[in-house]
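Just below sit the structures, each encoded as structure tokens.
Same chain, two partners: chain A is paired with chain B first, then with chain C.
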Partner chain A sequence: MNSKRIVKSTGRYAIRFVTLLIAISIISFILVSLSPVDPVQQYVGAVPNVSEEQREKIAEYWGLNDPPAERFAIWAKSLLHGDFGTSLIYRRPVLDIIGEKFAASLALMLTAWVFSGILGFTIGCIMGVYNGKWPDRILKKVCLTMCAIPTFWIGIVFLMVFSVKLGWFPMGMSVPKGVPADQVTLLQRIHHLVLPALTLSFLSFANVALHTREKLVDVLESDYVLFAKASGESRFSIWKRHGLRNILLPAVTMQFGSFSELFGGSVLAETVFSYPGLGAAASAAGMGSDIPLLLGITLFSAVFVFVGNMLANIIYGIADPQIREGYEHEE
Partner chain B sequence: MEKKTKEEYVHPLLEVKDLSVSFRMYDTGLEQYDLKVISNLNIDVKQGEIVAVAGSSGSGKSLLAHAVMGLLPENAATTGEMYYKGMPLIQKEKEQLRGKEIALVPQSVAYLDPSMRVGTQVLGEKPDQRKRKEQKEVFSRLHLEEHVERLYPFQLSGGMARRVLVSTALISGADLIIADEPTPGLDLEMAVEALTCFREMADEGKAVILITHDIDLAFHVADRVAVFYAGTTVEIAPSKDFREGPEALRHPYSKALWRALPQNGFVPIPGFQPYAKALPKGCLFAPRCPNRTEECEKPIPMQELRGGTVRCIHAT
Partner chain C sequence: MKSRTGRFSVNRRTRTILTLILIFAFLFGIYLAGTIMSDELIQADFSQKGLKPSWEHPFGTDLLGRDMLVRTIKGLSISIVVGTVASSVSAVIALFVGVAAATGSSRLDHFINWLIDLVMGIPHTVLLILISFACGKGLRGVLIGVAVTHWTGLARLIRSEVLQIRSQQYIEVSRRLGHNSRWITIHHILPHMIPQFLIGLILMFPHAIMHESSLTFLGFGLSPEQPAIGIILSESMKYLSTGMWWLAFFPGLMLVIVVLLFDRLGENLKKIVDPYSAHE
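For the complex of A and B:
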């Protein structure tokens, strides 16, 4: 019975995943075709003495004169074979670049993600418990201010204060300059990670906190908490037994659902800190009209966000008794 | 259950004297005013007795329950006296007694945590062996099968939910049980079953305050009935007076309430219960009363009359 359900929902996710990727690739292909970027010019770059005829030959060789549908078919076919093309700025296969940069970004995003989740949840709980009293009012103002501040601005302020003025943290990059790659210590990596990770987590912790606060206030004003009080439960026990139980799941799933903001934020944070991750690569690809890399990252980010949302759904299905046991009753 | 001596039955387990509750409210801008939702309310309940509390919505029935258990929100101010087993009942005591000596039976499944299994919930925060044993016994006594423990509230049927809520009061071993509208939404058979349960508790020596809309049923199961109107008690009388009819009753509102029951003619009286912000002076029922005189604008005390108490100077 249970395995039937798993097969069913897996099938549903697979269909959604495939249709999403098809839609994204069509839309981004159209957008790129419409953009004023001339691939031939990008390719020859600053090389002098490329005649008009030679340009024509390159265009012919690449099939740039073919109708768009045909070009899309060729591109899609190579994608299916795992060939995402070669990055123009890095001069290496797109998939290699994405893999390498994503590994660097992962440490950054994961740190920021965990940190913002824990910080946001804790602050949200404090605000909810002290609903309307001064700790709540102060923290709420802080959170609302945080929500209104753009990520890149926070990043620049952090750089100015902690790197330039205080000199506590390096100015950017993920490893110190002039040190061979195999001699970089973990501590140095962490040292370089702190500021960008903080910047990135400041993007979302306020959201998590405000959301958690709202949920907790709802729970604490609910009839079942009133009844818990009437049954003699203490304030702490109510928070632990009823509050936590009812707000943890929405908070966790929301955190998994925030992968898109995380990815978007990493583009800004990594650019500000020259952190060589996927976000910085995305903006470099955009600025340098590196179309193969740009399309590759677009598709990859879609997969990334999809996985986040899917995890959120799956966790809900496993952890929420109404969904979990509701299914069992149906069958 | 040990047999109580006559003496113990005489002293009320809970006595509420001249209770007033007001809420501090904000008007437009920063102006504050106090909304008096309960005024000079009196009620008492003895061991082995069910006192039904009847009255329309907004007459302060549930607030009484919350006031006794110390569950009122922070903007509420109370005056008057409450005694539990002869001792003054203040907020700190209420917080210690609730769940142990005073239990609330809430009105619907919404009072159960939707994400917690029923068994875990009825056992409370510190389940010990004694409580677990008690819970098994109570569940079987209430015809709740063993697997119900492992269900979530949303999986309970209406009747099961009702019995689970009643079970919390039984498991707690409290002496005073306040049931806040335990019957709405139940069909007659189930409502009778629920009330029978309270009757059994009272017969075992517990005291029960039964807040209800189903006054008709309450007349049959309760020992005494307290009629609430606009946040005060207008009459407390033995249930048999309510079964007999208006001649046996004392307050004009109780009589009107009796006549408004479907089986007694369904006769409404003009006017409506005053809003707490615009209470009349003196008798709160005076604006709708056929017998009102100028005297009715003075404060009206509760007075003893024919084995009950009534808040009316013209009552005979």
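For the complex of A and C:
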């Protein structure tokens, strides 16, 4: 019975995943084909004396003269073979670049993700416990303000304060200048990671905090908490025994559901700190009209977001008894 | 407005409306100031370059000697226009899609849900880069990009509201009286959607403005000649290490203030038009 359910929901996921990916590849392909930017011109770039004939040859070689549908078919076919093409700006296979950049981004995003989750949850709990009193009111104002601050500006402010004024952290990049790649120590990497990660986590902790607060307030207003209070439980023990269990799951789920914002924020944070990750590469690909890389990153980011949402659903399904029972009733 | 004790007091509704008007006037004022001020005020003047904030130039001047206050206000004015247009379009899309999903056939509903998943499945920033790239960068790309990426949340909200209203008894009565689905939608459902629509529209502004400036900051939005906030901030990045903090600090702060004010505007409007939060 249980395994049947797993097979069923996995099948449903697989279908949704595949249809979404197909649709995203079609839409993004149409979008880049619509672009008025001439890829040949971009490729040739600043090199002078490229004759009309040579341009024609490049266009011919790339198949730019074929109708779009045909080009899409060729592109999709090579995608299925695992060939994402060659990046124009890095002159290397797209998949290699995505893999390499994602490793750098992952360190950044993971740090920010964990940090913002813990910080947001803690603040949310404090706000919820002191609902309506001054800690709640102050923190709520702070959180609402945080929601209104653009990621890239907070990054710039951090740079101004911590790098330029105080000189605590480097101005950007992920490794120090002039040091061979194999001699970079872990400490140096962490030193370069702190500010971007802090910037990125400022993006989402306020959301988690406000959400957690709402949930906790709901729980604390319930009858069973009133009963617990009446029987003399302290505020902390009420939070630990009744609050935590009820609010941890929504917060975790929400945090898994925020992969989309995380990725979007990493584009900005990495650009500000010239951190060589996937987000900065996405922006560079768009600026440099590097179509294969742009398409590759779009597809990759969609997979990334999908995996996040799927994890959120799976965790909910496993950990929440209500939903678990709901599944069983369905059958 | 005089209470019995003789003290001058205002009730919450009046206070909310007053705040609403004040915020609106402030934002409209920024917009007007930005459009009216002539471009001569931000002509390059090398005798004034790189000045620290002073009484004459409250936000300082940049390396071309342009007054940062004027540039900031002009940039905000553009941001407000872009935000207004893009979120209006987005909200209208959301209204149509949401109502269509809730009142149409179940196949249409499935399709729309799938579509929302699709749009939400790509990170906003990446989708915006893609759309802006398709439009060849520039203002049009930003407008279209922001308009087609922001409707999903509101559409979901409207869909669930419509579904809720449709299950009410008076809709059933109306149906028994022989009205068709379209008549019911227009006369019984759409009027209920107006508060949600307005609030959703205003609360979309902050996101639209932030995404516009992020996109411009990355270099995909407005062109470098325009005094957009994103442009100002990305320019200031070059001079960060020289310690010219005012180039980035004040314009960004003003952007945050405008975003916060739009947020307040929406929340205050919600208190007035939304019957559920009117009696909090």
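In this section, the second predicted complex is superposed on the first by the 323 of 331 C-alpha atoms of A that agree within 3 Å, B and C clash if a C-alpha of one lies under 4 Å from a C-alpha of the other, contacts with A are read in each partner's own complex, and residues count from 1 in each chain.
To be clear about the criterion, a residue touches a chain if its C-beta (ideal position, glycine included) is under 8 Å from a C-beta of that chain, and two chains touch if they have at least 3 such contacts.
Predicted model only: the values in this text are computed from it and were never measured.
> Does chain B (first) or chain C (second) touch A:Trp168, or do both, or does neither?
Once the two structures are laid over each other on A, A:Trp168 reaches no partner at all.
> In the overlaid three-chain picture, which partner chain does A:Ser28 touch, first (chain B) or second (chain C), both, or neither?
After superposing on A, A:Ser28 lies in contact with chain C but is clear of chain B.
> Quick check for you: in the superposed arrangement, does A:Tyr224 touch first (chain B), second (chain C), both or neither?
After superposing on A, A:Tyr224 lies in contact with chain B but is clear of chain C.
> Which partner reaches more residues of chain A, chain B or chain C?
C
> Scan A:His242 for contacts with chain B and chain C and give back first, second, both or neither.
In the superposition, A:His242 touches chain B alone.
> Figure out whether A:Glu233 sits in contact with chain B (first) or chain C (second), or with both, or with neither.
first
> After lining up the shared chain so the two structures overlap, which partner does A:Val37 touch, if you call chain B first and chain C second: first, second, both or neither?
second
> Write out the stretch or stretches of chain B touching chain A in their complex.
Answer in residue numbers: 69, 71, 95-96, 98-100, 103-104, 106, 108, 110-116, 124-125, 152, 154-155, 168, 172.
> Which part of chain C faces chain A closely enough to touch in the complex?
Residue list for chain C touching chain A: 114, 117-118, 120-127, 129-136, 206, 210, 213-214, 217-220, 233, 236-237, 240-241, 243, 245, 248-249, 252, 255-256, 259-260, 263.
> Show which residues of chain A lie in contact with chain C when the two form their complex.
Against chain C, the touching part of chain A is residues 16, 19-20, 23-24, 27-28, 31-32, 34-37, 144-145, 147-153, 156-157, 159-160, 163-165, 171, 260-261, 263-265, 267-268, 271-272, 279, 282-283, 286-287, 289, 294, 297-298, 301-302, 305-306.
> For the complex, give me every residue of chain A touching chain B.
222-224, 226-234, 237, 241-242, 245-246, 249, 320-322, 325-326, 329
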